[in-house]
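Below you'll find a set of structures to go through.
Below, chain A partners chain B and then partners chain C, in two separate complexes.
Coming up: the complex of A and B.
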């Protein structure tokens, strides 16, 4: 199973790192990095074997199987996740001890952090390798859950926790929408296997609703408008998290999904136009916010929103360059995030207005991050140049308006990148202690990769073509080379640089006005809607809770009344045929009627019973009478179980009375003798519903239909006892469910009573 | 006066447990099954708690480990239900299948339903005994506190 090798190696990273961390805290990061490099090696080896698929049957009777693929897209994205992951884990070795020390947490927690990062890496590799709609959803949710733990890693910090919750709610909710889309497609085409779905969609295009659902899931992950606001908030996380999740991995997952599912979107021009518009809006908004943000991690976060806007535009245009764009953006953005973290560690500052002039103290970091910044703003001799080349190439085919939008977007990118780099390293000299070598080395490695791709673009062609071919389902003819002529792409690039330089030079003139405008508009954004929604939900739940717990009777009513209304609603919507029939009573039924009369009398007597013990005895009297009814009705199994359960119940109930405080019991007794109007109403609704439901169900009962056939089947199932056959065989899954509930109740009882005992 | 209840209840323990086991074993063919078997065994233990007290009742291993037994029962139930899926059958497939011959002697037949019922029995037994034990623990503790 060669396709699984990188996944298995990636999955092994986190446990191995944990074990190594138990031995020596510092060993975890090296072990994790080693593991991810091994996975990367396995990936490279597989790359030489050519594309392939692996199908493991899982539950064939339900048509489910685990499907994995090895193609250009999975290769490119896995390489990105593994490579950047290894560097980020090493970086965290140098970063986390300082961070944990500042947070006042034990140094051991570093291992937990690295384990989570590695687990995230494995989830990401899984996500890009699976070839099945359901597995895609599972892997997507895995990334969501681990990202929640990572963003909320500083659990003492309320801001961090709120940010983690926001990202969980937003990406979790959108991934549920994705699931709805995936289910719609799966049920429509009769399979969840992606190649089969795509093949069948070629004749029978997917419905717009399903596509919109899939797109919403992807947009939420990629932090595109209107789901963008979780990303800047998530910057509360430690820097390695921001660097990995919010540049190379989690945010990339959204755009990856769109690329993986592109053949479904290709015929739906309406949906693609919508994505195009969202991409341009995210691009513009992210860039403008990045131009004025002060904390440098926020600048990078807004830049991520903008850059994934570009990638979204490329996907929506169906460009061959979309996977390449994401792959080149990842090292640039990761390097800049790591730079920001290193600067924060040596200076203790987090805002652009508080730092500056660090190029003398941190020369290597300044140089490496300059390369990364040049890559992000697409200057030549870096791989970044080609990401804008493919972007401009795609826009040039669509006309001048698109070209103008692309030019402005690229110009803004250069302007904010320059502002960021200059804000960190430019300006009057300031001396700070040197950064640890391990903090700088990953940035230098990433910068080296960016330079290598820029100098030898031929290296990028093969993976980019393979990924484009996997995305579009047709061979790609993507070319990457420098051309010294006046073609549209080159003119646009030069125009963007001029615009960016101009914007940067005149920044003092427009920054205050722009930040005022953006501040004004942010009051009406979707973030406000989210807060309002959260607040209202909170109020609603508090209100309901107060209503429910006011006293015991209200609590009982809050269960009984909704159940009763539900029962009545069920009766209301089902057809009325053969319902509420009154049967006949013969002499043979006398014993049955007597037992029932006894049960009813006991039930009525509970209304006037004084003292709880008497109440318990009366209730058990009802139960025993019913057991007698079953015995008369020739149902020995039910009667036996009934007697045993009733005995147990009575004894336990009596035992429970000993546990309750006597004054509380007295109080409840007095209350019960004085029913209020709403108690009568609640009892009426619940009682009427139960009565009508039972009557209706019993009038449906036809002895021959249920009896004879079931007896026959029970014999065939080697279980002459029909009740046992129904319990274990015909309705076996129901029994499993019920038993799970019983065990859950057991756990509840144990923990509740132990808690009380301790107090 | 010496009550006849404690010695009688001690005498009754083993017969009740054996009846419970027989209810389980013959559940597929006649009256019985895992659920009543578990309830009966639980009642037998309850009687020990009432007459002999918590410490005496907890001499038995099955009583001390009642809650884990319920977990084992759930594993048995879920395992019987879903292990066939691994072999390509529908969930909740019992063996021997309806068209396969039975293995067994007299009233006793080997069938995976027996494992399933055994799981039910352990769960019910575990629930009843654990709840009794918690009650006894609580009431016993309070008596000590309110004592002289």
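Coming up: the complex of A and C.
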């Protein structure tokens, strides 16, 4: 049970914060942060208990259960989500009032925002803890939905709404693909439980199609090429959202999925090579875009795409360092995002070209973000150094071409990080008011963590090894230490720094040309395809709507005809031998047949009825003939009710005709006499389907009937009338429902008739 | 007997659908009444093969399945209530729009939608 404790605490955070916020707006953030720290504490306590699993039966007859696991991977990612979550919530306490004021919204909306952030945190903790393919999908979709609400938090802003929709469509669609993959695996292996699936896949590798589906879901979440374009657009969200969702949580979910499912991918070298290529492309594309983007949140967004490209490469290579890479990247990127938000709040500017020289006014922020930037670009004495060390280590095993690609990637990272930091804090001095302490403190805490990891790398080894072991299913021998020798990793790191410094020093020479090239190529990107697709779908839906609304009859027919065809199709796939039995007609049935014939003739006659009075009479003729059928079928209660109902109905109908103006009726009547060919066809299809289906049903009645037993039971109910016993006793609840319908309809009728006037 | 009963069900259903697809609201309401009738008939037709005698009941003779009878009863009553509501709605629609023809109603609806869209565009 302790496995559930962090999840339950995380789930409790959002409601608790909401309640606290109702009491006092400012209390929500502190309550939320406290709750997430408590969850973090529970996680740490549980860590001391060692790995464990919890299986709760859900629908055992279908083989479904709720499975949770506590291993290195889930521990690492939960800690990341909870820790960064607590800091971001606190940060939002200082950030949101200003933001809401600028948007012209009431200050209490802050509570809603923090509640959503905390709900997202809970969904993320759930996602990393579940150990079941179906639950993985559910948690994945939870994060998608909450992120939609968070990205579109500024609901008055059309740009923000469009960005939220884009991210919802893209991550939602890819997670449906993930679901398809999960279903394929689940049906193939007969279970959705992840350990069982992995165990069975060891003898019988998963199909490439299923793996590709799973990978597409992960790539969409992690904003990798070709699904990357939602991430820069999502920067329209308030900065705490970008900082949390787009560094530590949502985009991490994709790579997490791949790590969790790694044992399935391990034998499929083809799929892994594809992922490798996508990782390198994302890396290159993201880094280049980050080098030229002007709004600083966009620089960070492109950098995120590039960094998750690295993580994808590591997963595809099956490296032990993949979980560590994501875990170290998260605080660095979150701190830089928070810095960007603080700078925007203090200066009111969002672009690199508009700010600069802030290091004198914001010394603590400049220092802390320098540490975070150093971590991102893997300078020594920060934890970031080790993320690149494991990266280079994995590449060095694959050969020089990979090493060169890694070197260029790391060099670009250093160049754009330097450009970002220098753009914010470097250059000629500019004086601005000091930032609120609560805006700076989370950045400082994150920077402290990064430094601590860099100075004492021993602290990182245990969680990294546990996570690597959980990912690869074998004990890990990952080592993290500084080596002062000429090994490949060190040479590559030094090369990357030199390259990055050179690129930064010469940036004025190549920036304009690069931005022109990138602008040209971005015109043909997948984003354009997405827009085109959306536009075409919009057109299609408008066209269908117009078509459908144009004529009510087509709308009805569009329900009736497919239903009829479906019925016929059902008959088509069932074996037809002995399906239809004609049955016997004895002398006793003659009366029944005659009454049926009468009803059918009356029904046919309604089609040609001229004048409404005649129509009413023919309809009641159908009803009375059926009452006759029921009487001959020895169902006196039904027959009596039927007669009663028909009489009332005929009177009601005739009364209605008296209320309707005669000239309108005349007009309508004339129009109605022009039937269309396709209406006949639709009626034919529907009727034929009803006929065949009921024939098939009536030919195969169960031999022993419930009715016989009901007759016995009626004696116990002290009712000589079995039907009454069934209605009032055995199926009493049905009758209550029936009465409700009747009363509701009656109320509707009386209130509609009482309405005066035209509307 | 199966064949005859299901033929009647199919015929009533087809007539109902044919009337529902017509352009005038009173006839549309009549169509739904016919469809209701066909479904009641189908429910009770399940008891035709082993039914009792219509008028004389003696100890030990077969009786018509009481469960099907009560189901048919429920269906009849609900069908009646819904049809009554539908007819009243027809009356209301006529009062509100001054027409009994679905195409006119659709025109009015489209006009309103376009007016709303224009209002939004402004």
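Following the convention adopted for this analysis, the second predicted complex is superposed on the first by the 551 of 759 C-alpha atoms of A that agree within 3 Å, B and C clash if a C-alpha of one lies under 4 Å from a C-alpha of the other, contacts with A are read in each partner's own complex, and residues count from 1 in each chain.
Definition applied: a contact is a pair of C-beta atoms (placed from the backbone, for glycine too) under 8 Å apart; a residue touches a chain by one contact, two chains touch by 3 or more.
Please read these numbers as outputs of a predicted model, since none were measured by experiment.
Q: Just checking: does A:746 make contact with chain B only, chain C only, both, or neither of them? Give me first, second, both or neither.
A: both
Q: Which of the two partners, first being chain B and second being chain C, lies in contact with A:656: first, second, both, or neither?
A: In the superposition, A:656 touches chain B and chain C alike.
Q: In the superposed arrangement, which partner chain does A:736 touch: chain B (first), chain C (second), both, or neither?
A: first
Q: Could you figure out whether chain B or chain C reaches more residues of chain A?
A: Greater contact footprint in residues on chain A: C.
Q: Mind working out whether A:397 is in touch with chain B, chain C, both or neither, as first, second, both or neither?
A: Touch status of A:397: no partner.
Q: Touching A:521 in the superposition: chain B (first), chain C (second), both, neither?
A: A:521: touches no partner chain.
Q: Should A:589 be classified as contacting the first partner (chain B), the second (chain C), both, or neither?
A: In the superposition, A:589 contacts chain C only.
Q: One more residue to check, A:647. First (chain B), second (chain C), both or neither?
A: In the superposition, A:647 touches chain B alone.
Q: Which partner chains sit in contact with A:666 here, chain B, chain C, both or neither? Use first/second/both/neither.
A: After superposing on A, A:666 lies clear of both chain B and chain C.
Q: After the superposition on A, what does A:506 contact: first (chain B), second (chain C), both or neither?
A: neither
Q: Identify the overlap between the chain B-contacting and the chain C-contacting residues of chain A.
A: 637, 641, 645, 648, 652, 656, 659, 723, 725, 727, 735, 742, 745-746, 749, 753.
Q: Which of the residues in chain C end up touching chain A in this complex?
A: On the chain C side, the touching residues are 1-27, 30, 33-34, 37-38, 40-42, 44-54, 63-70, 72-74, 76-78, 80-85, 87-92, 94-96, 98-103, 105-106, 109-110, 113.
Q: Give the list of chain B residues in touch with chain A in this complex.
A: Going by the criterion above, the answer is residues 23, 27-33, 35-36, 39-40, 42-43, 46, 50, 67, 70-71, 73-74, 77-78, 81, 85, 88-92, 94, 96, 98, 102, 109, 111, 113, 116-117, 119-120, 123-124, 126-128, 130-132, 134-139, 141.
Q: Touching chain B in the complex: which residues of chain A?
A: 57, 59-61, 636-637, 640-641, 644-645, 647-648, 651-652, 655-656, 658-659, 716-721, 723-725, 727-729, 732-733, 735-736, 739-740, 742-743, 745-746, 749-750, 753-754, 756-757
Q: Under the definition above, what is the set of chain A residues touching chain C in their complex?
A: It comes out as residues 549-553, 556-557, 560, 580-585, 589, 591-593, 596-597, 599-600, 603-604, 606-607, 612, 615, 619, 622-623, 626, 629-635, 637-638, 641-642, 645, 648-649, 652-653, 656-657, 659-661, 664-665, 667-669, 671-672, 675, 679-680, 682-684, 686-688, 690-692, 694-695, 697-699, 701, 705-707, 710-711, 714, 722-723, 725-727, 731, 734-735, 738, 741-742, 744-746, 748-749, 752-753, 755, 758-759.
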